[in-house]
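Chain naming follows the written order as A, B and C, and within any one chain the residues start at number 1.
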Amino acid sequence: MIVCLVLPYFATTLARQERSVPQAVPLILRSGEKVAATCESAAVREVVFGMTIQQAKWLCPEAQVIPINLQTIRQRTEEVLHSLSRFTHLIETERIAAKTKTRAAPFPDARQSAVFYVDLERLAREETMPLAQHMGVTVRQETAFEGACGVATTKFPAYAAASETRTGHVRVIEKGEEWAFLAALPITLLPMKAETRRRLLLLGIETLGAFASLPVAAAAAQCGKEGILLHQLARGIDPRRVIPATLQVVERVTRAFELPLSDGQIVGAILRSVSAELSARLQASGCMGKTLHLHLMLEGGDSVQQKTTLRQSVSSSRYLTEALLRLLARLSISSGVCGLVVTLADLVPFSGQQLELFPDQPKPRERLHKRLSSLLTRPDAPPCFWITTQDRAARRIEQRYGLERVLP
Amino acid sequence: MNKDKKQRLEEAIVAIRREYGEEVLRPLGDSGAESAVPHLSTGFATLDRALGIGGLPKGHLTQLSGIPTSGAMTLACKVLAQATGEAVVCIDLSRTFDVDYAARCGVATDNLLLIQPPTLDHALETLTALVDTAAAVVLVMDTVEGKRRVNTPALKRLMAALHRSRCALLLVERAGTPLLSEKAAVRLHFQRERWLRQRQDVNGYRTQVRILKNQWGRSDQSVRLVIGFSTVVQGDGA
Amino acid sequence: MSYWREGNPVKDIETENGLPQRFTWQGRVHTVSAIANVWRIDDAWWQQRVWQDRFKLTTTTGLLVILSHDLLSDEWLLIRVYD
């Protein structure tokens, strides 16, 4: 199940909290001389993103205009992520760019919401509802943002449910009922370009139901390539996965494969190339990272993942490859791999060149073994074992690993 | 560090500073954000934050207590998994260590040494000899062992060796052993709150961890952790 | 997680339609609150047949365990306690 948490008018709510602007005063955030975000009451007066401040003032003269602070917005989104991360790390949210772009609003949806998708994987429906409620409460308590939650098996219906729900409430869309629920809702819920939206409205297509009843070819003809996805979404089908966000600054490399890979060696080889790319990017930005996360998308929609925290921050391709291969070995992969995401987090600036100062240091296991040998010669030495892997995927637990007695 | 290595390190540092300037090399942990207390992450971000230093301390004893199926052992395995590239040890007094589960928690079994001493005294002695060669050691005691008396001089020797080392020593026990509890720098108590189900099957649970004692931060806090088996256990028992 | 390779004996098992209802383990009576999963193992019969039913269950004492019922010897063993 997927829970979508929608926090409407995020940027202005935040600015209101920080600057203690009273609720009654409409609030407009500016970037240069243009509108970057608005509160609900300014939006009702048709103040929109990209408009000049002069125009906005004319539409909404009593509004207070303050500059947008993307840095704080980014920090506060991270806080929400942190709150949600106690439930799972499979959380997706739009990354806030460091600078306002002239064409794209920081929160592009109809209510300028910060949107968070939380993937609860196979959690049962009856467990999801209370958990979603709990998430809403946790976020409110910890960050003072109040939103609405939608629950569905895929992202778009969950988002639509959250958008159509009162603040502080959870709405669940049952499997199979997505289409019936979506049909009457406005097409403005779809994640599309302003131009596409304008075009559809001109054609008199106002509801998701009307859009969904067009043939796919017509949708593609009207909206171009994105039309096919939009059409699927309108019909309640959402092929998009939750791509987990990371809490800090990260470097991420994504690979998708046309044909699912079933050969572990090929996946290994791809991880080497990913490491090289990651390393090149790190060198370019003068950073090293510590937390490495490997996420594999499998055939049939499943996914598996592993993460590790390295002992030291690294940037070298060799170390990254080694760590990734270790992560890969830990995953049990039951079907072909359709794609992978490698994320390196906890980035820190270089604190000097990474050097191998002690290349001849004995391996950890050998060091321990050496120490053990003196212990093991004693008559009352306790039995010590190294672990041997027999068949980690064996159906019976007792067939997976063996113990190998350590002898003096 | 022996003298030879130390000298080589110093020579390397001098050479690098001459080549690239004084500022290029700084001791690790100097960046401000890094915690000053050496530690191993627990693998649970919320708990790491609540602990204040970013995880469980190295060179100290941490006690994890709670009845079975409350998550103490899972946490211990997660900590072992964080010590990548280093040797870790499990001292298994109850002889029930689940290697399969540990591997699924991410423990590198290649570097895991399992020791099954007959008594707690043996365990303390073995530990004293090994703490400085391992990154993390888990000592698993069942209830019966906990009731036995702890040999005070042996415990003192162990604590002295531990404080000199960079090893995180975790004690997993069902009922607290007063003498060991007293030596712990951090004490965590686990209590399962509810099962997480997937249809009929139980695929995890939510547990509450209370920080009973914390030498470096606030105690009397609690955090909730979700322990999911679907990601760590598959096949038999899934 | 505790695991017994050879199984840890349980006593006084009470069953209903083949499903365990109550058992005594380590001196304590555990009542089954729900059976989460059941699967059968039947393999390696060219060496020595292993024919067991395995039950993953929760108890009113707060445990999540795997019980194994050996169908050849009718013996009940506890093999895993989740932790």
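As a convention for this text, a residue touches a chain if its C-beta (ideal position, glycine included) is under 8 Å from a C-beta of that chain, and two chains touch if they have at least 3 such contacts.
Predicted model, so just to flag it, every value in this text is computed and none were measured.
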Closest to the centroid of all CA atoms, by its own CA mean, is chain A
A student comparing A-B to B-C should find more C-beta pairs in contact for A-B
Per the C-alpha means, the centres of subunit A and subunit C lie apart by a whole-Å value of 40
Whole-Å distance, C-alpha centre of subunit A to that of subunit B, is 29
Distance between the CA centroids of subunit B and subunit C (whole Å) is 31
Two or more other chains are touched by the subunit B residues 98-100, 197, 236-237
So subunit C residues touching two or more other chains come to 3, 41, 80
Subunit A touches at least 2 other chains through residues 395-397
The subunit B residues in contact with subunit C across the complex are 67-74, 77, 94, 96-102, 192, 195, 197, 200-202, 205, 229, 236-238
Seen from subunit A, its contact residues with subunit B in the complex are 82, 85-89, 121-124, 127, 247, 304-306, 308-312, 323, 326, 330, 332, 348-349, 351-353, 355, 357-358, 364-365, 367-368, 371-372, 374-375, 380, 382-387, 389, 392-397, 400-401, 403, 406
Interface with subunit C, subunit A side, in the complex: residues 395-398
Subunit B residues touching subunit A in their complex are 5, 8-9, 12, 16, 20, 24-26, 28, 30-31, 33, 41, 43, 45-46, 81-87, 89, 98-100, 103-104, 106, 108-118, 122-123, 126, 129-130, 133-135, 196-199, 203, 223-226, 230-231, 234-237
Note: in the complex, subunit C contacts subunit B through residues 1-4, 8, 34-37, 39, 41, 54, 56, 58, 62-66, 80-83
